[in-house]
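Next come two complexes built around chain A: one with chain B, the other with chain C.
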Partner chain A sequence: MGRTLCTGNYAAGHTLAVAGEANRAARGCCGGAYPITPQTEIIEYLRGFNFRKGRIVPVESEHSAMGVCIGASLSGARAFTASSSNGLAYMTENVFAAGYYRLPIVMIAVNRTLGPPWNIWVDQGDSLALRDAAWLQFYCHSHQDLVDTIAIAFRVAEDARVMLPVMVAMDGFVTSHTEMVVELLDQERVDRYLPPCEVPHRVQHSRPATIGNLTWPRETERHRRDIQEAMERVPAVLDEAIGEFESMFGRRADGAIVAEQTEDAETILIASSTMAATLRGVVRARRLRGERIGMIRIKQFRPFPRSELLRAIGGARRVGVLDRNHSPGSGGIFWNEVAATLHSSDILLQDYIAGIGGGDVTPEILDSIIDDLASRTAAVDPLWQEVAV
Partner chain B sequence: MTCSPYSPNDYKSDLKPVWCPGCGDFAVLNSVYRALADLHREPHETVVVSGIGCSSRLPGYVDTYGFNSLHGRALPIATGVKLARPNLTVLAVGGDGDGIAIGGNHFMHAARRNVDIAYFMMDNEIYGLTKGQAAPTTPSGDKTKSTLYGNPEVSVDPCGLAISLGASWVARAFSGDVKGTTELMKLAISHHGFAFLNIISPCVTWRGDDQTKELRAKQRAVPAEHDRSDRTAALRFTNEDDDRMTVGVLYDTQRPTLVDEMLEIRDKAIGIAPPPGREEILRVFAPAR
Partner chain C sequence: MIEMTLYGRGGQGGVTLAKLIAMAWFSRGKQAQAFGVYAAERSGAPIQAYVRVDDDEITNHNQIREPDHVIVLDTTLIGEAILAGAKAGGWIILNTPKPPSSFSAFRGRRIAAVDATSIAIRHGLGTRTTPIVNTAMLGAIARTFGFSFDEVRALLEDRGYRGNNIDAAKEAFDSVAAARIDGEPAAAEPARNAAPTTGLLDPGIGRRPAIRTGSWATRRPERRTLTPPCNAVCPAGNDVQAFIAAAAHGDYDRALAVLLETSPFPGVCGRVCPAPCMGSCNRHAFDEGVNVREIERFVADNARWPDPVLPWRRERVAVVGSGPAGMSAAYHLARSGYHVSLFEGSDELGGVLRNGIPGYRLPKEALDREIGFVLMHGVNAYVDSFVSASALEEIEKRYDAVFVATGLQRSRSLPVGPAMQGIAFLDRVHRQDVVLKGQHIVVAGGGNTAIDAARSALRLGASSVRILYRRRRAEMPAIDEEISAALAEGVVLEELALPERIDGDHLNCVRVILGEPDESGRRTPIADPSTRFAVDCDQLILALGQEPDRSIAGNTNVYFGGDFATNEGTVAAAITSGRKAAEHIRARLSALPAGGESAEERVSGNGATIATTIATTGDLHLNLFQHAPRHRGSALPPQDRRHNFLEVHTGLADASLEAQRCFSCGVCNTCDRCRDHCPDGILTRAGNDYRFDYDYCKGCGVCASECPRGVVVMAEI
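Up next is the complex of A and B:
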């Protein structure tokens, strides 16, 4: 399709649409659409797209939007939707249902602060509140990352070895409403990249069954362990999907984590989404000044990429985690996961909570956070941006 | 006639409305100020509860207690307030999307329970805050940002819905008529039970400049001979043809409110047996020896 200047929402809407259209030779596509800032343009794009075999249903709430996806996916269609913030919160019951039904739905989560008090700017608290819902989660840092990840998400979700829903997150306004040059995916190659969606437990005339009935504890435990085992198969499936994406589209998409200059780094910063994009410039500048510093962008939050992270952190002595999210009474949610990953090491691990409620995390703020990390002899409780700078 | 200790200005908060110039909700807000002043409602004894949407910003502009709550959830919160403090004047306000779409289920139960609150629904036939998608009130066939090929769905008349669901007082107003809207608000607030006022409030941004003119042209007063206690007769003024919009009180009846019923149950329970004393409660819950 060539390079296009477009917003993150446009890029996401287009990619969902061509992925849905690609299933026209099979059981088509379907999704529920309900507007909420800042994702509304995505569902508007989908409503305007002329699917040859598919319908996007304008429903009365986010709960129903996911309900439509569940029904469509259980019937074998490729299903997708998008939401944000309190929309995701209201949708939660059906988000868990989609995961537990093992349905390969793809949802775009445009990160926005949960209210009240009302706030429309970016904060990852909305999608991270759904981290236990049996969905894969990816956090994208650019428009291209977003496009590639959405296509790969369908591939991984619908793989029989995984068969779980995927949430692809981007930063509200910073990504959703700004324009970047992006290589959008053309229909012809997406048709070839995405095989027909096959949900093995879909409703079938030849196999009448009721899905979701009462189970005994042992059966429920087995069901949850199946999900865990499916999550553990994600790295291999993702590797394949990225490899085939490269063969088809000629570029390498990012994997679970992206490590930069970590090989000999004494200090490593960990971030996600667009905060990681800002961090990259800061880290590169400090490298040029001779500091042994590196960074890791965590893109895949579920399943959490523990072994990849351990490898990338290697022999670093200090690790700082930047969290644009907060679990009250604990700290940053990425930090919690990194701490669990590094539980047996003596690395100095410090959490910095920054950009809550959409505050602008500038290179200057990141510089002062890195200075703070360098000055510490021991970690303390999570530090908030205004404390750290 | 007693003179009100308050003027409409006394109910104005320091916040400046952020609605689009020409929005019908400015007139609704003025009617709220006037109605509260005319009824002498004490600001500290008045609670305005809303959900989410353009019109749900209204509580912030009124100098009483207020909740800008969650999308679609004004009515359950207002119900909680009224049950906890039955002496307060409780208003629920919001849009047609908030009340009929995402919050539609609460509309049914608040009306059915006859909770003693006044519910003002500012109806612009569109989702305004998210910039122009079809709502359940959007007429069939209309092109919006979510119905590019025309709205395929049948629209809902909120008044018809309220009457069917058991609301004990139902009226329709046009925000362009501030005096008329104010009078209907006063009746709604004074009504003992669930009072639903559907205020047709134009959205100049997403329904076009002509909407106000068209609405003004098609408004008709409820005929003088209309029997307000007749539910079937009231339903004749719902789902009207495109060229007619009847304004005024469509339905008005009296039946016990939820608070009345709860108080009656409490009185009955106390009447059967006096509340147990502390010693008796401790004896009942004492661990077995």
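Up next is the complex of A and C:
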């Protein structure tokens, strides 16, 4: 395809479309479509795409949009959709259903603050509220990361060892509406990269079945443990998918985490999405000044990459987590996971909540956070970094 | 890394321009990033957009606080604020008709200036009010940064732009001018948002929101007051809209007070005025005009008449003639506190109101009430006091000012043999001095006197009454309803007829053909001698109009008015003449600048000065009104009124319903539709005053489109 300059929404819409189209030799593709700011451009792209074997169904709500995906996936089609914020909240019942049904649906979550108060800007609280819905979750920091991750998401979701839905998240506006240089995926290579979608428990005339009917507790427990085991198989499947992606497209896609200059780092910052992108410049500048500092971008939030993270943190003495999200009564949601990962270590772990409600996190703000972390002798409760917009 | 900040308004294409700029560098193999700050998703809202360009991968995703270059798409945004954080040495690229050297406030900066708005309008991009300037700006920016126009063209064509967009870019590319402003660049601090925040549970829920949505507006609602057509045409100068508005609320006392500001004769005008207000009423374009005359009459007959206001002044003023002009002058002068002496040649006050209008139209009781009201203001009236030219000289010596309104004393005549003048006839009718039993009566003329004479003759027992008029009915000056009433009662109308000669018991007449229009626009009647005819005629009454007797004249202390001076021929015009004379006299006696308190500065019911623009149906939203037939009021049936002088019209049972039909054209009547429909709740009302909170008004225009009467209008900012 060559490099192009386009918005994150355009890049995501295009990648979903070519992935859907790639299943035309099998059972086609289908998705439910319901627009919401800032995801609308994705839905527009999908509705405007001329699928040879597939259909994007306009519906009256996000709940139904996911309902269409569930039906499509349960009948064996490659299924996908996109939503944001309160749309995701409204969709929630069916988001859980998709996960517990073990359906390899891919959904783009364009992160936007949940209201009220009404707010259209980026905040990860909408998709993180769905972290327990048995979906894989990836948080992308750039257009290229987004494109590559969506393609890989179909590969991993539809892998028989996983067979779980995947949510690919990007920052509302900061990614969705920003034009950046990106290499889009061409149909021909996506056709070869994605095998035909095969949903093993799809409904068939020749094999009548009810899916998801009443069970005893021990059967439900079995279902949940199956999901957990599928999640545990994700790292291996993801590795394979990334490897094959590289051989197909000639580009190494990012894995569950991306560690930069952590080997000898005393101080490590952990962030996700575009806040991690902006952080890269700050960390590099400090390295150039001789500071022993590194950073880790957590891309894969579910399953949470504990072992990769522990390895990357290594012997660091201070770790600061940047959270553009907030679990009231606790703190940053990434911080919670990192704390659980580091429970047996004596690393100083401090949470910084920044950019809530779309606040513009500048390099200067990140610098001040790093300065704060360096000055701490002990961790305190999560700190709020008030950001002007 | 190059960083740029763009300032524009929603609708100008600023975010797209940022993308085009990024595209230009991307085409040269650079990494690029372009984004807007979203929220104000409305035309006209100030927006910012940002562009980053670099050789390496761009990782920063924050907004640009310290741009290398600044681009301003909207002329109104050019100001200190655009320098916030701007680094020295960069370009400031402005959409402006001014030369770059004129921006002396931007010391030490390199300025590029292009008139992108004019270019966009010239090339038909956007609308004249919201031109889309982005492609023109791109041309100027590309030139400034050393791109060739071929690169611009390729870029635009690649994005699907054709024709006028490329032409606009080319014109801007060729016309952008650059200059460096002398001096050292001022340190420009990056903008910081230090506004305090508030929580949902803070006290004072409903406080003003943090986002000032008023900045999104490109237009805003404003209130205006137009002159309703009824007010504009009222010969008496009445505030018709205001008195009807009060009547619509059933506040007849207030309605009467409004009327008494301009005239002491609401009961008279409510009966005999030809009511041009009703003819001009905008409601005619909807269903039927408002029955103003009947509302005025109802108010005069049913409201509580106020106690007279009695200020005191030293000067004495004489008024000669007690017709409507003289009475009006006496009333207004007395209300101002002057000592007024009123001289009337006849033995009764009222002039033409008394002896020229029959009682079935204007009952004595109604007239006496209003004359009595004038006298209650301390006017000394002298009847049987004919003022000759020499007497006027005496009066002038004894009074500080004199007003003469003796009306039209001379009647026009025709040499047709023995005939009675209409005015004299009506005076005799008034004095019950005529008996016409069994007689054939012919009245010549087409004005109200002719109709009054004809209908009076009928009531006095005439066996036939015939009106000869030299033109057609449509051209008769008489009130149309009066003509209809006369015909209903049995009066015969002979159109296109002239009396020639009385011959015993009949009148020889001649038919008329209509020739070329005269200066009044009416066609000139020309007698056709070949079409003679005769009608039975025991008595001919001539009602051909009157003229003033100008044998009296005075010096500068004497003011002349009423029909004597103006010959306008209506009671209402005479009332205004008297009021204006009173104003002039008051201005002179109190040494006010003439016209300083002119009655022409009319004031609407809610206190706002009325503009001179007359409200037309085009100013109104007729779709917001409901159809409702005019309330006509009741009248005696024709058979019950032929033989008596009982008042024919008995008026409305309740004027408020008819008053509620009034559109209140161009004048706010506090209907609250604007406030009730404001989707943002930024419109509030205190008493009769409405306030727009422009900090939050987005300029949606719902209030204006919901104002039925054209008071709220949208204005460009």
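Throughout what follows, the second predicted complex is superposed on the first by the 385 of 389 C-alpha atoms of A that agree within 3 Å, B and C clash if a C-alpha of one lies under 4 Å from a C-alpha of the other, contacts with A are read in each partner's own complex, and residues count from 1 in each chain.
Here, contacts are C-beta pairs under 8 Å (C-beta built on N, C-alpha and C of every residue); 3 or more make two chains touch, one makes a residue touch a chain.
The model shown is predicted, which means the values in this text are computed figures rather than measured ones.
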TODO: Following the overlay on chain A, give me a clash-or-fit verdict for chain B and chain C.
DONE: clash
Task: More chain A residues in contact [chain B versus chain C] - done: C
Task: Contacts of A:173 with chain B and chain C, given as first, second, both or neither - done: second
Task: Touched partner set for A:69, first chain B, second chain C, both or neither - done: neither
Task: First (chain B), second (chain C), both or neither touched by A:363 - done: second
Open item on the list: Just to be sure I read the superposition right, which of the two partners does A:44 touch: chain B = first, chain C = second, or both, or neither?
Closed with: first
- [ ] Quick one: classify A:118 as touching chain B (first), chain C (second), both or neither.
- [x] first
- [ ] Could you tell me if A:270 is touching chain B, chain C, both of them or neither one (first, second, both, neither)?
- [x] neither
Task: Contacts of A:11 with chain B and chain C, given as first, second, both or neither - done: neither
Open item on the list: Is A:36 touching anything from chain B or chain C once the two structures are fitted on A? First, second, both or neither.
Closed with: first
- [ ] Report for A:338: first if it touches chain B alone, second if chain C alone, otherwise both or neither.
- [x] neither
Task: On chain A, positions contacted by chain B and by chain C - done: 116
Task: Residues of chain A that touch chain C when the two form their complex - done: 5, 38, 116-117, 120-121, 142, 171, 173-175, 177-181, 274-275, 277-278, 280-281, 360-363, 388-389
Open item on the list: Quick check on the complex: what are the chain B residues that touch chain A?
Closed with: 52, 68-72, 101-102, 104, 127, 129-131, 133-134, 136, 145-148, 153
Open item on the list: Show me the residue ranges of chain A that touch chain B in the complex, using the header's touch definition.
Closed with: 33-37, 40, 43-44, 47-48, 58, 60-62, 86, 90, 115-116, 118
Open item on the list: Quick check on the complex: what are the chain C residues that touch chain A?
Closed with: 18-19, 22-23, 26, 31-36, 38-39, 58-63, 65, 192-194, 200
